[in-house]
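Each structure below appears as structure tokens.
Two complexes follow with chain A in common, the first pairing it with chain B and the second with chain C.
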Partner chain A sequence: MRASTSNLLLIGPAALMVVALFLYPLFFSLVSAFTQDDLSFTLDHFVKVFELYSNDIKFTIIIVLSSVVLLAILSIGIAATLTLSPFPKLVAVLALLYRLPLFIPFIVAAQMMRTFLAKNGLMNNTLVAMGVMTPFETISLLGWSGIIITFVWKQLAFSTLLISGAMAALNRDQIQAAQNLGASRLRILVDVILPQVMPTIGVALVLSTVTIMSVLSVPLMIGTGSPTMITADIAFRVNSYGDYPVANALGMVSYLICAGLAWFYLRQSLKDKGALS
Partner chain B sequence: MAHLDIRQLQVGYGDKTILHGINLQVQKGEMIALLGPSGCGKTTLLNAICGFVPTQSGEVHIAGHEITQLPAERRNITMVFQSYALWPHMSVAQNISYGLKVRKIPKAQAHKRVLDLLSIVNLEGFENEKVTNLSGGQRQRVALARALAVEPDVLVLDEPLSNLDAKVRLSVRHELKALQKKLGFTSLIVTHDQEEALVMADRVAVLNQGRIEQLGTPEDIYQQPETPFVADFMGADNCIIYKTSEPNVQLHLPNRSTAQTFALYFRSSATQVQAFSNSKNEAGLTLSGLVEQTAFLGQQYRHTVRSGEQVLQADSRECWPIASQVSLFVPPQALHVFDLATHETSNAFQSNLRG
Partner chain C sequence: MSQTMTTQHRGFRSLKARFTLRWSFWAQTAFITLLALALFGPIANLLIWTIAETWYFPHTLPNQWGLKYWQQVFNPYSDVSGSLMTSIIIALCAVVVCLLVSIPAGYALSKHTMPWRVGFMLLFLIPQAFPNLTVYINIARIFYDWGLNGTLLGVVLVHSVHGLMYSVWISVAAFSSIDPMLSRASRNLGAGPIYTFIHVVLPQAAPGLIAASIFVFLESLDEFTGTFFVGAPEVTTLPLLLYTASMEGNYQISSITALILLIPSIGFMLIINKFMRPEMLSKLGK
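What follows is the complex of A and B.
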């Protein structure tokens, strides 16, 4: 009894911070999303959300899923090259390059992508100058593809950092053992490395999802306005209308999307553990 | 013709050369131990044979085919690692059959081979066990089975026993040797444990600073070390420099002039501790000194005896009291005599002098 009291006292300050800074705002936005001004229960805000923004919600889900899939493929590819490549010079260059986006804020990345991807941006100008296409054939990549490119470019550094760290932590002998049994590098990646770094890949992708769901600058700067991502809608509701209930209802939808992916990840990792034992 | 033929192999990292012109011929079915202190290049030699590190020059041939430039996955040389290097996400059977799966051996056939191997390494019934549930000795036997599953041309073992505790090590050592005799695989084993090398190997190569100092049968290496380093490494770690007979150091060697300067190496177990006397002219080395320290080793006592500037170890069943004056006698057949004009003394010797 006494021990449990002192334990409570010990975790008290930390618990209080979580309650005050996370649970209370969460609860407040929940309440605000489900109630009218007189605090009576209503689903009106959600009805409004789905009437006005169901396209944006679909758009957001598609952007998030495509970004995460591309991220997984690219970061596993880079991390595998770093771990398995027989060319130390290539590895050194790649190890330096892939980290750069870590130090660039989203808003700067978005600005760079604007000048790079626009119809008369750096990329198209280069292609025209190289004679690959004529100025009439150039297209602007601003819009959904630009948003995905920016998210993947920016988050690639983070997820590669996590995944290549996990790969580097594997015992080198395990790779050599597979090698002298005749396995090619691709087989080693699939049979030996990936099964062991799966949990880290999951963490990297879930964290990237949460980041992508919360960035405002990229859809605002690179998007075409409509459809746009949920973050832009929330900002619009709050800034233009002072409409907190609908903004909070939109927030709930983002929570649910993140929670859905997190559930998928947890279920998958529990299944893997169950299959092993 | 040798099954594994290593010619003038030179390996290094950057500017640093680790192996200098290694020549080694291994016959089919032979087990050779690479013995040496840490940093002598023995593991690098294994890695070069496996293809994990590039060679600077020289050639490696297996059964008449050159494999120097082949990548590791095409060499058919498998390694047993000190760390076992089993894959924790696979079962025992999956670990063992991995090489067969890569070679696209039909499943039924691979399964049969796994069961055969499990019975060979005494792990029947373990095929569905997780490797993380096994003890160190069991893991190393799984690793051995995995390496043998693909019937490698050469099996290399990199200190396979040094992560095991003393008792398990002896039993796995015994099993490994018995298996090697039974199956007759050609193998190279790296070890820093001289006893392990003597017990397991058909021939022993003692490595020092990237060169093979001596290659021979265990008996040769133990009884006729060719260099001071080999003598010292094989346990003859008492060393004195002999210039001329002095009252407390007397040397009489049959058939050999004692007018030169010699380095004499001998084992503490071959050194007899006797009551101090002035008797002379017995063939062999006679020293006198004071007992500084004794230690009980079970079978006998080890005495630390100071004779002039040198400190020597001598074993005796009798425990001589500290500070008593004794004579140490080494018979001529137990003395390894190196002419200092032709041999460099080893580092161990120099540290002995300082100590």
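What follows is the complex of A and C.
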């Protein structure tokens, strides 16, 4: 048997699984979103999506963008502290600390936040006990802000792990040289480190967006009715109406949101390489 | 005269540098403390709920503490014990399925001369690169036709596809790092290809394969969305039970379930922490 045939046989079962259980349903969703029952082309489902859910689409985009911006600021901050801080003990504590949520399941994070951010949650109770506010001034953060907090809380470990990994792989000599020439740490971060780790930051943020658009438990458990994220709408459309075409059209919108971010990142990185003017 | 000026100037500069250093120490300590509060706060709240019997507004802490709900949960006839068993069976099956298809695939893909290698590697990445909610609702619809909806097999298949990226990519890395001379020596000494694979290649790749299994197990244990569409209501895993209990406002049961899910996650994290240095992660897939 020729080597390439036997290789294909070895990969076959795994590849077949991805094709049958991922690519085929993906294709199915495309067809279902753009066709009527008799398989003729239509955009009716998208018209319905924009009539019913344009508010939720805006809401979803705002949540994704704010989460991504917060994630970028926080994870760059933590990774930079890990790379540049002159205090090894603090670095050791921080390196352990930030990874804590890495393996905590989203559904557990959602349950924690559902109690923590509630009107009678530990956060408000602590603030009341400290005398910052009275019990009657407390507000529940469940809703859009809670959704953002939960996503950032959980996803921070992953993006920081990737970004600090890229920073650790950099050539230390450049940082040393910049330090010897008298550059401040902030300047080293902005002028030496960030330009080199930009690709990793982009990847981390695009993957986080995909995760945010995949997780159903957080909008269901933290969100409060309307407006809600389109992921919750998809589930509602399927479970309550069995309306697959509109759910799939909403799914296309969720792909577009991810694709938009990926496109922005690719364009930015091409621009940096001078391929686009 | 100018000499003293410079010394004075230098003294001032070092004083300023020391001040900046001290300031940045306290700034960083404050940052880390805030981060710790933000990370541990929700976890503390979860732990309190597991031992609270009643807790309502405006009490800062529970009115009544107790282990009543733990007894309820660990009653052999409770929903929790049943779903825990279901979850573990599904996760173990997903690990077996993933290993069965990933070991040959990983072995083949570890040879860099393989044609379309990059294409296949990307194929296994796709399930993680698309938002998979839409895919799951369509899998549920297809499975309905195939009679797999609401069955253990259906849920196992969904979890396996989700875990396949980890198992294939980690297997490729594991098989790439073994010494090719050893298997050549074994073949020269007259061993057959299958004997060599089982007795020489596989043991060398074992640590990587174990890591891959841990990832698949955890992913399956924690998976919610796929099970929500494919398994419910016939198959109830722990995440589904947690969700239902939480939506019913039964925070004690949902918090205890969450804690049960947390234990393997944190435990495996401590084990894997040894292997998972950030600088190693940047080499994955090369």
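As a working rule, the second predicted complex is superposed on the first by the 251 of 277 C-alpha atoms of A that agree within 3 Å, B and C clash if a C-alpha of one lies under 4 Å from a C-alpha of the other, contacts with A are read in each partner's own complex, and residues count from 1 in each chain.
One rule holds in what follows: a residue touches a chain if its C-beta (ideal position, glycine included) is under 8 Å from a C-beta of that chain, and two chains touch if they have at least 3 such contacts.
Predicted, not measured: the structure shown is a model, and the values here were computed from it.
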Q: Please tell me, clash or fit, for chain B and chain C sharing chain A in the overlay.
A: fit
Q) After lining up the shared chain so the two structures overlap, which partner does A:S66 touch, if you call chain B first and chain C second: first, second, both or neither? A) neither
Q.
With both complexes overlaid on chain A, does A:N180 touch chain B (first), chain C (second), both or neither?
A. first
Q. Thinking of the overlay built on chain A, is A:T42 touched by chain B (first), by chain C (second), by both, or by neither?
A. neither
Q. With the two structures laid over each other on chain A, which partner does A:D191 touch: chain B (first), chain C (second), both, or neither?
A. first
Q) Which of the two partners, first being chain B and second being chain C, lies in contact with A:S269: first, second, both, or neither? A) neither
Q: State whether chain B or chain C is in contact with more residues of chain A in the superposed arrangement.
A: C
Q: Figure out whether A:A235 sits in contact with chain B (first) or chain C (second), or with both, or with neither.
A: second
Q) Between chain B and chain C, what minimal C-alpha to C-alpha distance in angstrom results from the superposition? A) 5
Q. Do chain B and chain C touch any of the same residues on chain A, and if so, which?
A. none
Q: Please name which positions on chain A make contact with chain B in the complex.
A: 171, 173-174, 176-184, 187, 191-192, 195-196, 276-277
**Q.** Parts of chain B lying in touch with chain A, wherever the complex brings them together
**A.** 50-52, 72-79, 81-83, 85-89, 98-99, 102-103, 130, 143, 146-147, 150
(Q) Please output the residues of chain A touching chain C within their complex, sorted ascending. (A) 4, 6-7, 9-11, 13-15, 17-19, 21-26, 28-29, 32, 77-78, 81, 85-87, 90, 93-94, 97-116, 119-123, 125-126, 128-129, 135, 153, 161-162, 164-166, 168-169, 185, 200, 207, 210, 213-217, 220-221, 231, 234-235, 238, 244, 247-248, 250-252, 254-255, 258
Q.
Show me the residue ranges of chain C that touch chain A in the complex, using the header's touch definition.
A. 21, 24-25, 28-29, 31-32, 35-36, 38-39, 41-46, 48-49, 55-61, 100-102, 104-105, 107-109, 111, 114-115, 120, 123-124, 126-142, 157-158, 160-161, 164, 168, 218, 221-222, 224-225, 228-229, 239, 242-243, 246-247, 251, 254-255, 258, 261-262, 265-266, 268-269, 273, 277-282
